[in-house]
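All chains are identified by letter, namely A, B, C and D, in their written order; residue positions are counted from 1 within each chain.
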């Protein structure tokens, strides 16, 4: 990411252009979701309701938690109908 | 003058911890000052708070960059934030962690103490599993590890100024104080 | 080039039209209304293909201009007194967002009591907002300066909003001959706005943002530097304009008969015209007096004032506003400029003409004579109706 | 994988600064899924001012223009006028403001924008209090709710006044389109946004945005609570198109409001009388909505 140390590094107007993806919010969570792919039906409800865009899909269409971004809110675990997601405490 | 810097995450009570410490010091006739650094105050986001304690009125109004004591309410923060930046070599690092002091990964070479405030808080029903409120337990540990305020002053401050669950918080303070804070000499 | 006898308000409207403004957003307020009515006629007749956003308040008027300017459009608005005060939040915003909005302000006293007549309190109260500020002396100067304001505000070295003021009624509703440059001349002088740093559709970017202590100060310093550069860029712009129209209004601090003067009055706005006559008359009586006009209040002409200070012994400042608990704002700023000057003439403040009270030849003469004869109080209210000494 | 029921395109980035379980992020996410990337968002002071992350990062893949707290409506009009003048075709201008920023400080600018028929969308995300400043009461806070400025104590039992009915105020301006949307019903949300995108003229959305810290519930319940808000008729889903009301979701029998109220700490103090009062108010409003729909 471009570093904005000195005045000369800054744009003339306060314009931000770096995508927020560089901010990892993993440290915000106390619990992280773990998906049991044997139970998961690939219904993508977890993807649909994630406020942090922290659910991606693998080649076979299974959901994958993007742990750099998950804040551990547990909406996915709550909304997963087959209950394939459990919240595990971070060490 | 003693300068203490608290590191926590939104919802863990870091700011209230810094205030309670100030109240406790005041009860002992000291001159306290406590203030938060407001960045993105969001549940879970990193929060910094500061307390100064002196025998005379405090004549400085800046953030604390070379603290005598650093208190870390959430060890997870140490992976992303340099919590011991500027900590005086002869200072104290107190970390809320189940680990023993010498297991704590930190570049700081001085005294390290640990207190398992999370489990103490949960044992006393303070906060939720997702967001335990560890501030009063940490203060109990701080009183024992640093000696800058007495257990009794912390107890009184907590009783009078904690917004809720006064009794449970006082028990957490005593619990943390009794459960020997592992104090390692310079590593 | 065509010469018309028009009001100061219409001078502003013609300038906006010639500048091919694209978005106008304004709310009516006496005595500015004719500006926006004329612009509405230009738009309705198709002479000015602009979007005219009829907003529900001045606060919204300036926000609409800022947002339009942020996307790249050339924008114009106009207001006065209470309306300008309501805009105050957005004045800071426009400078912070570096949107080169141009605004006409008809100087009018602020309420209460209500007064629709002129004084400079409204625009003086905006001197800290990062806007370039011009005070006009004639309808011609207002038209010319408004055109220059677009070029200066949009200049890549500047990129700051600019306001051009005119005294209520003395200019806004006073018709006098004005030479109106042709569209071709203005097009040669003022090309369409260059859209480099504005919002790009389809691109993830945020204009405004928020910062902690680690960046904010540097962003503000950029505005300070830009305002500093605006000084010299303006002189270039005025030279360019003079080459096209033959008119040069004398830069930031135009002077009158100061070369051999020992006493000078610093004036703002239409009081200057009357003061010229007084200088001529007093010169005839043997007094070596002159004038210096604060044409730009931001950037403040410090350099020019210091040069003036090397020529004269006594400087009076004719303030048409007053900062309570201190002195006239122009006085305090002139004093600040001269504090570290090699020569520091005696400096006095004369507050006059608040709420549209005439600054007559007699008013000016009284100020001059007081300046010439007495050291007197630092700040004096001229022709105040009071039984006690007014300072 | 099952077919996605809402567009796959993500125009809101991860790494934003919202609280865990924040409803307002889902509002932005679904809005942009519906509008696509030829969109400019203007945002006043509100949670999203901070959620969008500090300089030098930005959380949207479309341009975002910060504007003054009071002036979202004017910012929309300014952007639209400029877009038209600059020949930017098919660009959707959308104002994205909080509840306080809309029903209180920003109401005048909203009214102006609607009255002058600005071709743009104003979306109010409603977390029912001033959340960015720490849960102070706004005009959109529901009757009875605790906030830091409507405490629960001897002389105060939460907010006294009823929630300001912004949809009625907006409807009085005869917008081209207005609708309520709820993050618990993303398909309905996106469908309405896509519909609004194709309509010219002033359009308005009232989006429910449940807020864990502000409403005092545990973050995983955001969607369940959103669902209950609609299924108890506290937050009915409906559209107003050229004055014609159409309810988007009608259950056979609505759930009792108690089921919704009991999920949130901000209502924990309500006694049976207060709950009954809210039930009666909700029933009356629902009957009125049915009547308005019947006028078509």
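One rule holds in what follows: contacts are C-beta pairs under 8 Å (C-beta built on N, C-alpha and C of every residue); 3 or more make two chains touch, one makes a residue touch a chain.
The shown structure was predicted, so the numbers you read here are calculated from the model rather than taken from an experiment.
Engineer: With centres defined from CA atoms, tell me which chain sits nearest the overall protein centre.
Structural biologist: Chain nearest the centroid of all protein C-alpha atoms: D.
Engineer: If you count the contact pairs for each chain pair, which pair has the most?
Structural biologist: C-D
Engineer: Please compute the C-alpha centroid of chain B, do the same for chain C, then give the distance between them in whole Å.
Structural biologist: 56
Engineer: If you average the CA atoms of chain A and of chain B, how many Å lie between those two points?
Structural biologist: Using C-alpha averages as centres, the distance is 30 Å.
Engineer: Provide the C-alpha centroid distance between chain A and chain C, rounded to the nearest whole angstrom.
Structural biologist: That gives a centre separation of 53 Å.
Engineer: From the C-alpha centre of chain A to that of chain D, how far is it in Å?
Structural biologist: The computed centroid separation for chain A versus chain D comes out at 24 Å.
Engineer: Provide the list of chain D residues touching at least two other chains, using ranges where the numbers run on.
Structural biologist: 13, 17-20, 50, 52, 54-56, 58, 61, 212, 218-219
Engineer: Quick check on chain C: which residues sit in contact with 2+ other chains?
Structural biologist: 97, 203-209, 211-212, 215
Engineer: Specify, in ascending order, the residues of chain A that touch 2 or more different other chains.
Structural biologist: 4, 14, 16-17, 19, 24-25, 28-29, 71-72, 74
Engineer: Can you identify all of the chain pairs that touch?
Structural biologist: A-B, A-C, A-D, B-D, C-D
Engineer: Given the complex with chain B, which residues does chain D contribute to the contact?
Structural biologist: For this pair, the touching residues of chain D are 17-20, 50, 54, 134, 212-213, 218-219.
Engineer: Which residues, counting only chain B, touch chain D once they are in their complex?
Structural biologist: Listed in rising order, the residues are 10-11, 39-45, 128, 130.
Engineer: Chain D touches which residues of chain C in the complex?
Structural biologist: Per the touch definition, chain C meets chain D at residues 22-23, 25, 50-51, 53-57, 59-61, 63-73, 75, 89-90, 93, 97, 195, 199-212, 215.
Engineer: What residues on chain D touch chain A, complex-wise?
Structural biologist: Spelled out, the residues of chain D in touch with chain A are 1-2, 4-6, 10, 12-23, 25-26, 29, 52-53, 55-59, 61, 183, 186, 212, 218-224.
Engineer: Flag every residue of chain A that touches chain B in the complex, lowest number first.
Structural biologist: So the residues of chain A touching chain B come out as 24-25, 27-31, 71-72, 74, 89-90.
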